[in-house]
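Below, subunit A partners subunit B and then partners subunit C, in two separate complexes.
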Partner chain A sequence: MANGTAKPTGLAFSRETFAKLTPGPFLQAHLQQAEPVRANGRSLDAFRTPTINTGSLSHSNGSAVVRIGDTAIVCGVRAEVLLASDIPIPPSDDSSEDEMVEQLGLLVPNVELSTGCSPSHLPGNPPSTLAQALSYRILSLLHTANLINLQDLRIQYTEPPTDEDLPDEGPKVVTKAYWTLYLDVLCIALDGNPFDALWAGVLSALQNTQLPKAWWDPDREMIVCSPLASEATRLQLRHLPIASTFAVFSTASPIKARSEAQSWVLADPDDFEEAVCVETVSVVVTSEDDARESVLKLEKCGGGHVGKVEMGQCVRLAHQRWRDWQGVIGG
Partner chain B sequence: MPLDTSTYSLAHLRLDGRRWNELRRLSASISTSGSADGSSYLEQGNTKILCTITGPQEQKQGGARRESNEAKVEVEINVAAFSGVDRKRRARGDRRSVEMQHTIATAFQGVLFTHLYPHSTVVITLHVLSQDGSLLACCLNAATLALIDAGIPMSDYVSACTVASSPTSSEGDGVDATDPLLDLNGVEEQELAFLTIGTSGEEGKVLVLVMETRCRVERLEGMMAVGLEGCGRIRGMLDGVVREHGGKVLEARVG
Partner chain C sequence: MQADRRRLNAPAGGTAPPVFAALPNTKLQRQTRTRKPDEHRKLFLQTGIVPSASGSAYYEIPPQSQQQTELLVPQTSSLKITCTVHGPRPLPRNAAFSPNLLLSTHVKFAPFATRNRRGYVRDASERDLGAHLETALRGVVIGERFPKSGCEVVVTVLEGEEDGWWAGSAEGKEGGWGMMSVLAGCITVASAALVDAGIDCVDLVSGGVAAVVHGAGGKDGVLVLDPAPSEHDGEIRAACVVGYLQSRDEVTEMWMKGDAGMQAEQLIDEAVKAASLARAVLAETVKEAAEIKLGKGDESAVPVNEGKGKSKDVVMTG
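This part shows the complex of A and B:
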């Protein structure tokens, strides 16, 4: 219009349009209110409540379906026999039992994200870097946590006494085979924060796992299992570590002074928030024998907002979440 | 082999206690996943399938731009490693999966009103969580429910089931070998000659018929008749699931 004095009419956007066009300022507008709230209505340190369903799959030794908000995963545990004679390099005698679980590779997690769980994970593609990274994080956490006693995974055989044995020697117990647990995790729907859900799924599925009674048959020279469910043993986990992930939303930018930037720590980010946050913190806490709670694993990557104080807050929130989860997971 | 020792002739009951024309327990629910356009979960006995629909969406940019006035239906089947009796990581694109995907895609290409969505793609993703027979049939049933949840118009439900030609694999005498068996589980599927039949519409138009084993020609008509009747019953159950869900949605909106 040639007439420059007319006031331009404002553009009126619906909430959804605003969120799609400028997600960063949309979230910032929510957080800058007097009572900060997130775009999904949760408060800054509110986690989504999980629902866990175990034992629904008939062909697996253990299974769990975990839903945290709109993120849903299915984990199935299959136990297969690894004969001691098939192990190419037997572990050395002086490695501890916990190290042997890692050396023998008795826990094999596999995370499948290319299932169409979200528009960024279309099926038919090879595993993305995120899927590979998550598989590895689960594996390293399983080994660090030392959840499973090696003795539960051994299939042993007491050799009958022969003439050559000395009379004082006790019966010789030989490990003939090990149970290898294959943990296959399928992501059905992804709405942010896959790691917490995947870890919860792995944990619940392991807790739900039943190993059949197995023994070495010397005549047939193979491992034989009992088909009776009454003779199966449940896997015992030493403790139940819980993972909590946080994302940090910051208005910091290279062109602004650092002191002018505002940052907020958001617990349990969903997909929308993960897209606008670069900094994430992951805390895994546990408590052995219901004594002091301890931090098992800390991971932080991204920006530079989280320092000593904020990390302490995150760990406190993670401990709180651990206590809440004991009701959901704890037996 | 259990079926061949033919306890069937004594009580006319199969291994799981069903008669020749009884379906397994079918339970299904739709709208199970919040993030997909349409989703469903179907259990037929121990076969558990989760289906999600993405679409209709824009054609993918890669590859030659296909000239068409219709939507294209693409199917992807993910068989979980823990689904079968043995743990097996299925290689992507192995022939059995590709063939099943093609069968399902062509079945729905004929039923969906694809002319309403030119130049777009509908992607059906099927997750097989547990396999215990009738895999193709359950996939078709689950996909039907998920497509209805996604709101893609179609001419009628597609319902499918499996039928075996006789209760024993050795067609010997002494057994009433004229009973075709309806809705097979995993053990029966391995031992008997069977076909999968998928129909659409109340009058039972046959959309899918797959048979990969050998059977006598004179048995075929009987098997198809039993299959059509079974599909009709499954159609009724799927319809019930959809109406129940619709009722809940209506209550939430209005009530």
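This part shows the complex of A and C:
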């Protein structure tokens, strides 16, 4: 009041109550300390360590269970046969092989979030915007990265020589069918940052995939496969891109001056941080043909606080994460 | 199959599952049941796998013997079920007043759960399982303590039990016997998740399944508990699932399929025995989980790097 020498005493609630009542200022108080730390105890650029288990599902050609902190996802890869004669519009001859994988639609990822993984994702509704967006992001990243060689997915047949063939022509090799890979990803538990975990799951499951040896049977006019594991081939991925997501927490508000706003970039946000952060940055780093690491994809949306300096920092952290993950995923 | 507009669909033209050729040299041998008729398979049950849900549990019956690795096709499947419970939560404003807890159950098979790929849209058999599960749980939850509230029990089957031997003939598989083992597992895992969520229950309900199998040449069928349909290809005559409360000796749910004839009562008794065996595992799991929870409450701040770290408290000044 008039003298006002005594500082107002702090409110004495528990941490959990503060976090529930005012999540924004709670996080801000953590970040504004001399040594900034996040509400979950991690430093600003610390990622959660992942755990990956592959091959646990018996009915899938490949499977992976990925746990990053409290986020857990299960990915199963199923291979089915698409006959070339069934394709209504065959791709044109001048499209490259990588484009053909996309045009034929041989990779079908689907993300299912309505499994009760968090209170906001309960079943009974059609896929939410987030689930559809994640499915599409994974599909576009799979095609951009050109992970799978079309030759691995082809089922070819060498036609026997007939009388009409010219004598010096080689045997004709015709593609009779293609393998279509259904990548079904289910989210068991969600604690923020679904995209990194989903992408890691898809990658590990594809690495773990075994395709049976298949051939065209001209008598039965169908594709027949061999059930022996010794004749199956493992899918080869060209390279291993790793995704890293960052969230940006800022104190900007319409009533304050722009220059007064502070912002912090948080690596691998969890559910609590995602709720208070608007801006996100997502970086996918890969290393093609053992060359230098390169950035495959860069996405930033939600705000304008990340400038060139912060973006450079994010990319550096993503490169570091790529190196850390090589041991886990196993190149 | 209708194209689902909200999901990424199969390529135009449709795909078919791979057809495997018969092996000329090796003869496929069906695994027969090596357990005694009243022996249950090993169960694995764990709670607390989804921290953001009110309660959760994971149930697994691992494969019995070492899977043959020379064949790409799996011989048997193990049963893997997860369950999350969200509740009690307030009902939406426009909902009618309800003096009891409104329990809603959802059962869904993952697309990779069965030998033939399933779709994402819930079909009739999954809705049927959901209805049976709700019957089993409704009898055990004390609903009147939670008026105007709802509770969602969401069960996801990551791998389901098969109806018969995959390489056997198609007859004898129409019974859908695999669903009964799945229902027994769903009841047990939902019960563990409800306890983990702290919802008041009268007792622990556990699921048990038993079957009448053709005896070797005899007219009377042999009663076995916890049948694995892939071990009894085409031999199962009838099966029964019960949801059983052991300390009150009550049955909340019973589902019998097939013709058990004179052995119907014995079949139910066998299923109750199977439920009691499952309950032993359930009780132990729940006790361990409770001990961990109470132990955590007693401990003073232990610094943890990952997860909610109890770093120095922050004082909010006004």
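Worth a mention:
As a convention for this text, the second predicted complex is superposed on the first by the 319 of 331 C-alpha atoms of A that agree within 3 Å, B and C clash if a C-alpha of one lies under 4 Å from a C-alpha of the other, contacts with A are read in each partner's own complex, and residues count from 1 in each chain.
One rule holds for everything that comes next: contacts are C-beta pairs under 8 Å (C-beta built on N, C-alpha and C of every residue); 3 or more make two chains touch, one makes a residue touch a chain.
Given the structure is predicted, the values throughout are model-derived calculations rather than measurements.
Taken together through their common subunit A, the two structures put subunit B and subunit C in a clash.
Look at A:L82: by the touch rule set out above, it reaches subunit C but stays clear of subunit B.
By the touch criterion defined above, A:T144 reaches neither subunit B nor subunit C. When the two structures are aligned on the shared chain, A:L104 is found in touch with subunit C, with no touch to subunit B. By the document's definition of touching, both partners, subunit B and subunit C, reach A:D70. By the touch criterion defined above, A:Q313 lies against neither subunit B nor subunit C after alignment on the C-alpha atoms of chain A.
Taking subunit A as the reference, the larger set of touched residues comes from C, when subunit B and subunit C are compared. By the touch criterion stated above, A:G41 is placed in contact with subunit C alone, subunit B being left untouched. By the touch criterion defined above, A:L190 reaches both subunit B and subunit C. Shared contact residues of subunit A, touching subunit B in one structure and subunit C in the other: 57-60, 63, 70, 72, 74, 76, 78, 80, 110, 112, 115-119, 122-124, 182, 184, 186, 188-191. Residue ranges of subunit A in contact with subunit C, taken from their complex: 7-8, 10-11, 13, 15, 18, 22, 25-26, 29-30, 37, 39-42, 48-49, 57-60, 63, 69-70, 72, 74, 76, 78-83, 86-89, 104-106, 108-110, 112, 115-119, 122-124, 126-127, 132, 135-136, 139, 180, 182, 184, 186, 188-191, 210, 212, 214, 222-230, 232, 271.
On the subunit B side of its complex with subunit A, the touching residues are 33-36, 46, 48, 50, 52, 54, 76, 78, 80-85, 87, 89, 92, 123, 125, 127, 129-132. Listing the residues of subunit C that touch subunit A in their complex gives 6-21, 23, 49-53, 56, 63, 67, 69-74, 76-78, 80, 82, 84, 86, 89, 106, 108, 110-115, 117, 120, 152, 154, 156, 158-159, 303-311, 313-318. Looking at the complex, you find that subunit A touches subunit B at residues 56-60, 63, 70, 72, 74, 76-78, 80, 110, 112, 115-119, 122-124, 182, 184, 186, 188-191.
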